[in-house]
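The same chain A turns up in both complexes below, where it pairs with chain B and then with chain C.
This part shows the complex of A and B:
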């Protein structure tokens, strides 16, 4: 049984069909990326999976349990925790408090949640330990993303969803985040990445799901996707293969 | 000099109660983004509850914790029945819902308790405490001390407890709080409960000092709005600072200008502060449009 199973999920906003009949699944311990040009429906799909919007029809099953139409806190309790594209840390709270809030979803009291948060810090080397008492809103973009991932990890998810984790980062920071994504898997966490940037996706993914105009264009390994003419066309537009030469 | 010290102490004591009163309003706004126009009516409710408990033989200050928890429950129920559904609606809807609550509560009090003034007069109600040449009413001192204890307990609750942490996280980013498993619905209900509890507790502390009547809440709504905007919308320390400032202004202007001029005075200062610092004394810059994130 796959960890996450998506069956013909559909969502329209008025006349706009944002997600049209998309189905795919994620196995345990996989790193799966969902890519697509702007407007492909990636963000809508991600919001559907994490309970922020309700699908018009279709099924989403997490660990055999139906989660479509559930609210975000229920999705979190089912073991699926996401981050946000614009890195939504709690800006006026310390880094430690941010991660403690995540740990509170499993701990009964604040003191044990705090200990739990500190143990999560170890996963990030010295990056978060050094900034433990700083307000999260004052950190660099890359460190904010780390705080967000740490906060999500503190909920002990089986599946973590990262929404454009390297948006706005320089190549060095992007590299570090991609190493982090691979490291998440060694901790036994399955990873779903929503990304615009193909280079990151090619490096870290076991499997890539390509969306285009709200439909599943194809799915496959990075080399399969790279060599696919339809994907090239979706990304670069019609006739691009001739003008590119 | 004695007069000055006397006024200073009276003003600070009164300001402490205003701080607690306004803490409830600013907490509700900071977390749920609801501006509660019925805040003063819940003070009125706290005052009537204290009056009836006193009539039953309770000491008004021993009744205060009971009043807090009763108003907490009223707040949770009000949020659940009336405000929960308006959270995703435009702010104007919430404004009219809370205004409606205030009208209904005023009219209800008039219907049930008539327009008569009620007084809570414990046996020590007229006792004065003398420090040198300064004389202060015992009731005002007890009210200020209990208000500060109440304020400190609310801060401890927010800082040290599981629910408090969830409330602080939700105030900063409800979406992010939601994805890490925090139930926003529960947080909003508890926050509204605590906010109304603070209003009720302030009412209990004010009841032995001022008379109780159905429209008494209007004055307290005005004061708490001035305090909250002066201190910085959504800022908890701002509520206490703003409360002390308004308490001092009120006391000094009542003596040096005229008792009738106290509202005119704090509104004048209020307008000047807003001209110079639109976000209030402790508000983050720009928070006048969205509220501070404390």
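This part shows the complex of A and C:
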């Protein structure tokens, strides 16, 4: 049984069909990326999966449990935790307190949540330990993303969803984050990445799901996706494959 | 790895030390307040301190929702009025002592807050604020028109027959002692909240509600609990006000002005901090009392004008309120005179 199973999920806003009948699944311990040009419905799909908006129809099953239409806090408790585009840390709280909030989803007292948070820090080497008392809003983008991932890990997720984790980062930082994504898998966490930076996606993914105009265009391994004419067309526009113009 | 063992080993002992210091300081402050409250003889000063304690309790209670949770509620006058009317009506109609009436009012306010909150706390920012304003108006209209129960616009009088069992005292100091107790209760609660789970969750919800929910923070639950606690404390203040002033009417306990005052004092003192609202209350009550003393009745509204100016200045130059300003000054002094100890 797959870890996450999505069955013909649909969502429209007024007349705009943002997500039309999308189905795919994620197996345990996979790294799956969802890609697509702007407006393909990536963010809408991600919000549907994590309970921030409710689908018009369709089923989402996480670990055998139906989660479509559940609120975000319930989705988190089902083992699926997400991060946000442009790192949404709690800016005026310390790095330690940010991660403590994640741990409080499982602990009832602050002291044990703190200990839990400190143990999560180890996963990031010395990066977070060094900034433990700093306000999270004062960190670099890359470190904010680390804080966000640490905060999500503190919930002990089985599936972590990263929404454009390298947006606004330089190549060195992007590299570090992609190493981090691979390292998440070795910890036994399944990863879903939403990205439009193809280089990152090609490097880390086991499987890529391509969305276009709210529909599933294709899915496959990175080489399969790279070699697909329909994907090239979606990304570069119709002109590249037709001679009519 | 090395860093981790050090930080886990050091942190608890450091926390225990600072906790011990905070508790000692708190015990000293509370002791001083009770001694002052019982020894103070000047009628005018007793009244001033009473006003400060009541205002601080209200601002501190508002701060739980508005400061910690970041939900700008502008309808807390409703809970103040509910507290005042519940205990007074229960006393006049059923001869129930206002001590119990006070608890009944707090319970009623908490219940209403839960009901109202279940609907409105899902709304964001200005929409939430507007519905709380509308709620107060609703309560005021009901009180104004339910003449047989509330006395309508004339309000209700509380006969002054000193009897401690009926929350009626022959001296003002006794009322002041009750006010001090209420303030101690409110600020002890916020101090504990700031260090425990509920306070952490509320802070996270204020900073970024979506992000908080994505890591499992039960937003509605945390906000409802905070709203109910806050409403209950404000209702206790309502009964205290009624017993002290011996009369209540819709204007004195249910006006929009009261809601605004709670929010302003909290903001001027320092939103989301534990003692900020108390500083705001001290600044507000003493300044308005001094100004009224200097100018008499001739310039009645002057204190409100100056208070407004003070508020604008704080919002422009000291977002952290008076407490934030004090901390900044302390930091600068420490840096200049370099005490070799940095606590940033």
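Definition applied: the second predicted complex is superposed on the first by the 240 of 245 C-alpha atoms of A that agree within 3 Å, B and C clash if a C-alpha of one lies under 4 Å from a C-alpha of the other, contacts with A are read in each partner's own complex, and residues count from 1 in each chain.
The criterion applied here is as follows: a contact is a pair of C-beta atoms (placed from the backbone, for glycine too) under 8 Å apart; a residue touches a chain by one contact, two chains touch by 3 or more.
Please read all numbers here as calculations on a predicted model, not as lab measurements.
Asker: Does the chain A-based superposition show chain B and chain C clashing or fitting?
Answerer: Verdict on chain A: clash between chain B and chain C.
Asker: Examine A:132 and indicate which partner it touches, taking first as chain B and second as chain C; both and neither are also allowed.
Answerer: second
Asker: Of chain B and chain C, which one touches more of chain A's residues?
Answerer: Touching more residues of chain A than the other partner does is C.
Asker: Scan A:91 for contacts with chain B and chain C and give back first, second, both or neither.
Answerer: Touch partners of A:91: chain B and chain C.
Asker: Can A:119 be said to touch chain B (first), chain C (second), both, or neither?
Answerer: So A:119 only meets chain C here.
Asker: For chain A, give the residues common to its interface with chain B and its interface with chain C.
Answerer: 50, 52, 71-73, 76-77, 81-84, 88-93, 97, 100-102, 104-105, 108-110, 113, 148, 151-152, 154-155
Asker: Help me check something: in the complex, which residues belonging to chain A touch chain C?
Answerer: My answer: residues 50, 52, 71-73, 76-77, 81-84, 88-93, 97, 100-102, 104-106, 108-111, 113-115, 118-119, 121-122, 126, 129-130, 132, 148, 151-152, 154-155.
Asker: Which residues of chain C touch chain A once you look at their complex with the stated criterion?
Answerer: Those in contact with chain A are residues 1, 3-4, 7-8, 11-12, 195-197, 200-201, 203-204, 207-208, 210-219.
Asker: Would you pull the chain A residues touching chain B in the complex into a rising list?
Answerer: Of all residues in chain A, those touching chain B are 50, 52, 71-73, 75-77, 81-84, 88-93, 97, 100-102, 104-105, 108-110, 113, 148, 151-152, 154-155.
Asker: Chain A touches which residues of chain B in the complex?
Answerer: It comes out as residues 160-162, 165-166, 168-169, 172-173, 175-184, 293-294.
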